[in-house]
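Next up is a structure, given as structure tokens.
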Amino acid sequence: MQRVGVFVCWCGSNIAGTVDVQAVSEALKNEPGVVFSANYQYMCSQAGQEMIKTAVKEHHLTGIVVCSCSPRMHEATFRKTAVAAGLNPYMVEIANIREQCSWVHKDVTAGTEKAIILGKAAIAKVNLNTPLTPGESPVTKRALVIGGGIAGIQTALDIADAGFPVDVVEKQPTIGGKMAQLDKTFPTLDCAACILTPKMVDVAQNDKIRIFSYSEVTDVRGFVGNFDVTIKKKARFVKEDVCTGCGACVEKCPMKKIPNEFNLGMDNRHAIYIPFAQAVPKVATIDPDACNMLKNGKCGICSKVCAAGAIDYKQKDEIIEETYGAIVVATGFNPISMEKFDEYAYSQSKDVITSLEFERLTNAAGPTAGMLVRPSDGKHPHTLVFVQCVGSRCESCAEKGKEYCSKICCMYTAKHAMLTRDKYPDTEVYVFYVDVRTPGKNFDEFYRRAVEEYGVKYVKGMVGKIVPEGDKLKVQASDLIANKQLHLDADLVVLAAAIEPDHSARPLATMLTASMDTNDFFTEAHPKLRPVESPTAGVFLSGTCQGPKDIPETVSQAGAAASKVIGLLVKDKLTGNPCVAIANELTCNGCSSCERVCPYGAISYLDKEFRMPDRTTKIRRVASVNPAVCQGCGACTVACPSGAMDLNGFMNNQIMAEVDAICK
Amino acid sequence: MKHNNDLREEILRMSGVDTAKCMKCGKCSATCPAYDEMEYHPHQFVGMVEIGEIEPLLSSESLYKCLSCFACVDRCPRGVAPAKVVEAVRLTAIRRQGANHMTANDVPLILETDTPPQLLVSAFRKYTK
Amino acid sequence: MQVTEYKPLIVAFCCNWCSYAGADLAGNNRLAYPADVKIIRVPCSCRVNPTFILRAFQRGADGVIICGCHPGDCHYTSGNYYTRRRMATLFSMLDFLGIERERTRVEWVSAAEGAKFAATMNEFAQKVAALGENKRLEDLRCKK
Amino acid sequence: MLKCSLDNVQTLFAEIAKEAKLYLPIDNADGTAVFGEWSRGVAWSNALNTAKSPKDFFFPQTEDLMRFRTEGKKIEVIDVRRESDDFVVFGVRACDVKSFDVLDRVFLSEPCDSFYAEKRAHGIIVSLACTRPAETCFCGIFGIHAAEPAGDVSAWKTEDALYLRANTEKGTALVARLSSVLEECSDDAVNAQKESIAKIMNKLPLKDLSTEAFGGGKTQDLFHSPAWDALSSACLGCGTCTFVCPTCQCYDIKDFNTGNGVIRYRCWDSCMYSEFTKMAHGNNRLTQKERFRQRFMHKLVYYPENNDGLFGCVGCGRCLAKCPISMNIVKVMKQIGGNKGE
Amino acid sequence: MQKITREQLIDQASELLANGTVSTVLGWGAGEFGYDVTPTLFKTAEEMQNGFVFNDFCGANFSKYLVSKTKTLEGKLLVFLKPCDTYSFNQLLTEHRFDREKVYVVGIPCEGMADIAKVKEISGEGISSIASDGDRIVVTTLYADAPVKIDARNVLAERCIHCKSKKHVAYDTLLGEEGDVVASARFDEVTRLESMTPDERFAFWQNELSKCIRCNACRDACPACTCETCVFDNPKSGVENKSPSNSFEEQMFHIIRAFHVAGRCTDCGECARVCPQNIPLHLLNRKFIKDINTFYGEYQAGAEVGSRSPLTDYTTEDLEPSEIFVGRNEHA
């Protein structure tokens, strides 16, 4: 049995005005477990807290009930008081007789009566309280960033700046991501490479950062502060530490008709290749599907020409196991496939391209050295048609497109159109739009410049179909303002394809037990207040893996994620919330109901041996809650059919005791 | 223009289309092969039904210019199905002309030995909604 | 206006992050609601076990209301979505057994909606009062 | 022998009900019969027997023993015992009548159970002979005569009349009170019925089931029989057999916290339950096999050992009909007792 | 009435016993009267020849036994499962309640099982023998001069009248042909109750639930109720209770029982079958199933292993609890 002390606060007249505090403390004196009851003007004051401490000592109290303002106000205060008096802080319960009683009820009788009942409920609960100790777990002071695009790069740099080691895992042979493929960036039109590649070099040169390029995360175990991660470093058949990136091997490689992924297949590369000149690491990679030496042992030229002796045809995938305190997901995006949009003849004509392809086409380092020409015949296009919202905001066609707005298309299309008109004033440029969305600093000005200064023809309407005819693309579209159907003969059509999360994100989310929405974007812990954290503790989100974003937004989020990581890594130990779920192994069935509803992946299962009442042993699957991961929502407690799952601080019997006390 | 809400409801019910889903992109009209023949275009059908401005549609030749090729239904990103709206307005016009509500009892009267069953099916489809 | 002596007993389960704070805000703004409403704080509406609701009725409650964050705003991201399914099916079952459906309710009240909290409690208390005493889910042993 | 025309039976019931509550089998909507209180217009069921036995009237499923009222830290003890009114349980079959012998030996021997005794003292049992026993009936093997039901008053129902014979003081008093609706008659009709019942009893499939292997002193022979494993293998551990059984008498005593005090009550318990007789150290029968064995050993060996050979089963057949997996005392007797009944 | 014969099942089992695939067979053991079959473990073909039966009264769902039996048996256990039983089988696998590797499932077709109470309603008590003759059940009784022939379709168990599936969703070997999920009117009675007034519904359930004797047969037979310790047996759960002291506890038990299996109940109907008091308990489960289907889309527990029960799932667009009664057809 608890020895409970009850302390009724007047809160000046705030409580005492509508509640007879004397009567309350008198009435509660007789409750089971109560050995001391008093009231005072301001319990939260120094004197009030002293009164509590003294009473704890004099009456050997084991539990404290404070009838006062909301626990959201002073629960922490009175818990500290309890600690100072030598009690466990979780032996304190607050009866909220101000916000939820004296301030909302005018009648003293009713208010007093209710205050007594609320006090009784708190006493009933505290009678069942047990001291709780938050768990502590050490923090491994190293971060993992998954994805080496601008988001991952920025996050890694910021974390490393704070002095913590960071590993960046990138599945391509080079970091850089989508931004490396871009030509110019809106709305300032500075060149993407000019601002990105210095950052890539910074990453390479930062001694706190390790880059695992051409690598994938294959397994994640553990929890915040201590994630055990397995990384598979795929064999690139070139010794990374030996290769100087001179490119001699590339030049001599006889297999030169391999579609170049970096240029989206618009030109070719060799079987041994460096994706682009500023690649980091600037190391060659052999494509095992294309290399003759690897396929049938014939060739070996690259090995012969490599002065450094970096070629290693026998290289194997390498498995790296490392522990991290925090993980940042920066897996980025891809444009969706245009294969299914038959109406735009993407599969039929080389001159119907996506915007990302257009970026490569206009990029000085691209397949045409920046000359805007038609991919089909290399001729200069005169009429260009840009189509917006291809696959975005597409509700009826889940198999084709996406329901959401891809956010960046309006701006990059304006950029494309403007740059085209700027470089080639002889062109006619049409942009078909549903809406033009330009929220952002200098964004609308940018769009208006495209229209007003560069004469881009924005048409409110949509392209219905495109038919290649001869060397023209017959474009049929609507102009809703003119209420006309337009028929244009275009030379080049650029589709603003919707963007989607990278396909590696879904399996990664499963490994991380991080939640995703139906579109495979990672869910943030709170859409407004915790936008860069995943609900899974220790997992943070950077860039477009969380939702469509442009570069400035991505970089800000990357920095925010980094600051959250730093905030975590500076701690030596993580102190958990002790109000976490606990599974009673004796009554747990191992049915997985709790696991299914846990938003944090805090529940795992163990096969445990039990000594049964009949003296046999039985191996049973039982739930085990990781207190470092559990946030204490209690969803599992209700999902559990056997009642094996309970929640510290809000135990079933405590809540029922409160119910009983209130309904008495 | 007096907006007719009852008629609007009726047309929405008949067509099964939720015109509020339209984001006014105009892809239906962009796609329409009969566009130039029409006074009111597919997106206008959707838009005008949405605001209940249906009388002009009912008296427009456009009703009969729609080929029911369903290209707009296929292409619409929002699943609005403009052709079904046109069909419903057309049906409303037909009903007003009296050729409305065929019942099974009427069948024996109009049935001839060589009437293809397909005809009956499509007649029912048209006149009994 | 006729005033009846009967005072309903109402148990309100409020999630710590939104609704309990909403109730506090109602207090800050001195928005009155009947003293018959007694609040129990839970971390999340998904902590509310159907057993608690039945228990309240057994012990003499006349109405039980569960308040949580608005869907999509749950502090724990998904808790109230589970609540929504659990309570929808539970309430439907209680109705199936002939228990008055006005005795139970779920309301989403954010921390900013003090006014909504008070209004909801006023309205709920009124409805429950109109139903009178809970006879169908009571346990006579618990009567005084 | 006294007689009442069946046309007049409602009048008879009305007479009985004048001074005592009358309970008799009533048809349920679902085709089963149940003991219910008679009031004008309530029809008497023709069913062979009720789903639940009449032991409820004397040993109810739940019964308050005492109460405590608490206020703050004060506790007050309240005696809830009340004197019972007279009541009549009408139409109790021979097997169920016999079950009261079994219960009496438990509850009325010292220390006497005052709750039970009070109700026994005030309850009058009017039995009824069985004219159409079912295949599940095997009262005969325990020496019970379906045609000679005991009770305070024995009754026989023919096609047109109800015959009554008082056996006890209470019975005689009851019959005396009913003289206005009863007339003296010969035993002929009853004797004829007894004969025809005897013939049917001879045709019952379980009539030859032997009790020879059972009874006091057989513990060592039977307890370790290997057959218990297979017999108990499918047992679900539910309490159906015990709760429909007229002789099962185990109960648990529990406290219910009402919020304003405590009600101490007893309720039927089942030895088939894993929580049965749970003590501080745990349960004393750990497997379903042990629990299963306990139930049948108790009925067939332990009880007769302590009660002059009286078996703890009356052959009413309820468990045969109701067990979800159709495992029952007959199958146990055949297996454990060496199939002598075949 | 059953298309598959006892001999076919024995042959199949004997073969698997002989070739060592299985060590034990879980089948139906003969009883005293032909209709009182008991789930029984057979170790040899000979034991099966002597004691195994398969007839119109083999209703028991064996799935639940697998939880306990697979833990103690050496080798694999052969279990005969009717289509409806296989749903429970899968649901138990979903909940990791036994090791699939320890079980060999022989799927057997089912033409619907008979309800002995309905047979007796026609034949009367005093059954001396009961046999199958094509589509008929032939009953001889102590009281009728001639055997009573009953059309088996007229005495089908309630759950078989409303059979929801002839399809085996799990098996290692299937005897007979693959069946299909069938349309059934199983929710009609729920709908009928829904259309009553609340007062009528309350009266209906008061009458039914007041019959409850808390024998726990519904729980103990239920293949979804495999908790190590049931909350009703656990004094710490706050709802522990041994007897229905009053109408509250009757309701409490049945609401919580149904809620605990909601989303997991496959509608196998064992609860109603075993109830000694004939309470239509399956209606509570069906109410949950019907609601779940209506609110969240069709879901059949056990249709596939690993599926997520609707109550441990959600969508952001789910119905609000305040909307559940909108548009429901009922009397004022």
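Just so it is clear, A, B, C, D and E label the chains in written order, and each chain counts residues from 1 on its own.
Throughout what follows, a contact is a pair of C-beta atoms (placed from the backbone, for glycine too) under 8 Å apart; a residue touches a chain by one contact, two chains touch by 3 or more.
All of these numbers come straight from a predicted model, not from anything done at the bench.
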Could you tell me which chains are in contact with chain A and with chain B alike?
none
Can you tell me the least number of steps between chain B and chain D, where a step is a move to a chain it touches?
2
With contacts defined as at the top, give the pair, D-E or A-D, that has more of them.
D-E
Taking CA centroids for every chain, report which one is farthest away from chain D.
B
Calculate how many whole Å lie between the centre of chain C and the centre of chain E, each centre taken as the average of the chain's C-alpha atoms.
37
Can you work out the whole-Å distance between the CA centroids of chain A and chain E?
45
Please report how many Å separate the Cα centroid of chain C from that of chain D, as a whole number.
47
Touching at least 2 other chains, the residues of chain A are 597, 639, 652, 656, 660, 663-664
Pull out every residue in chain B that's touching 2 or more other chains.
none
Could you tell me which residues belong to chain D and also touch two or more other chains?
256, 259-260
Give every touching pair of chains, nothing left out.
A-B, A-C, A-D, A-E, C-D, C-E, D-E
For the chain C and chain E complex, residues of the former touching the latter:
50-51, 54-55, 57-58, 71-72, 78, 81-82, 84-101, 104-106, 136-141
Chain A-touching residues of chain E, taken from the complex the two chains share
71, 94-97, 226-231, 234, 236-238, 260-261, 264, 308-309, 311-313
Quick check on the complex: what are the chain B residues that touch chain A?
21, 23-32, 35-36, 41, 43-44, 71, 75-80
The residues of chain A that touch chain D in their complex are 30-32, 612-615, 660-661, 663-664
The answer for chain D against chain E in the complex is residues 28, 30-32, 34, 48, 51-52, 61-62, 132-136, 200, 203-206, 230, 233-234, 236-240, 242-244, 252, 254, 256, 265, 267-270, 273-275, 320, 322, 324-328, 330-331
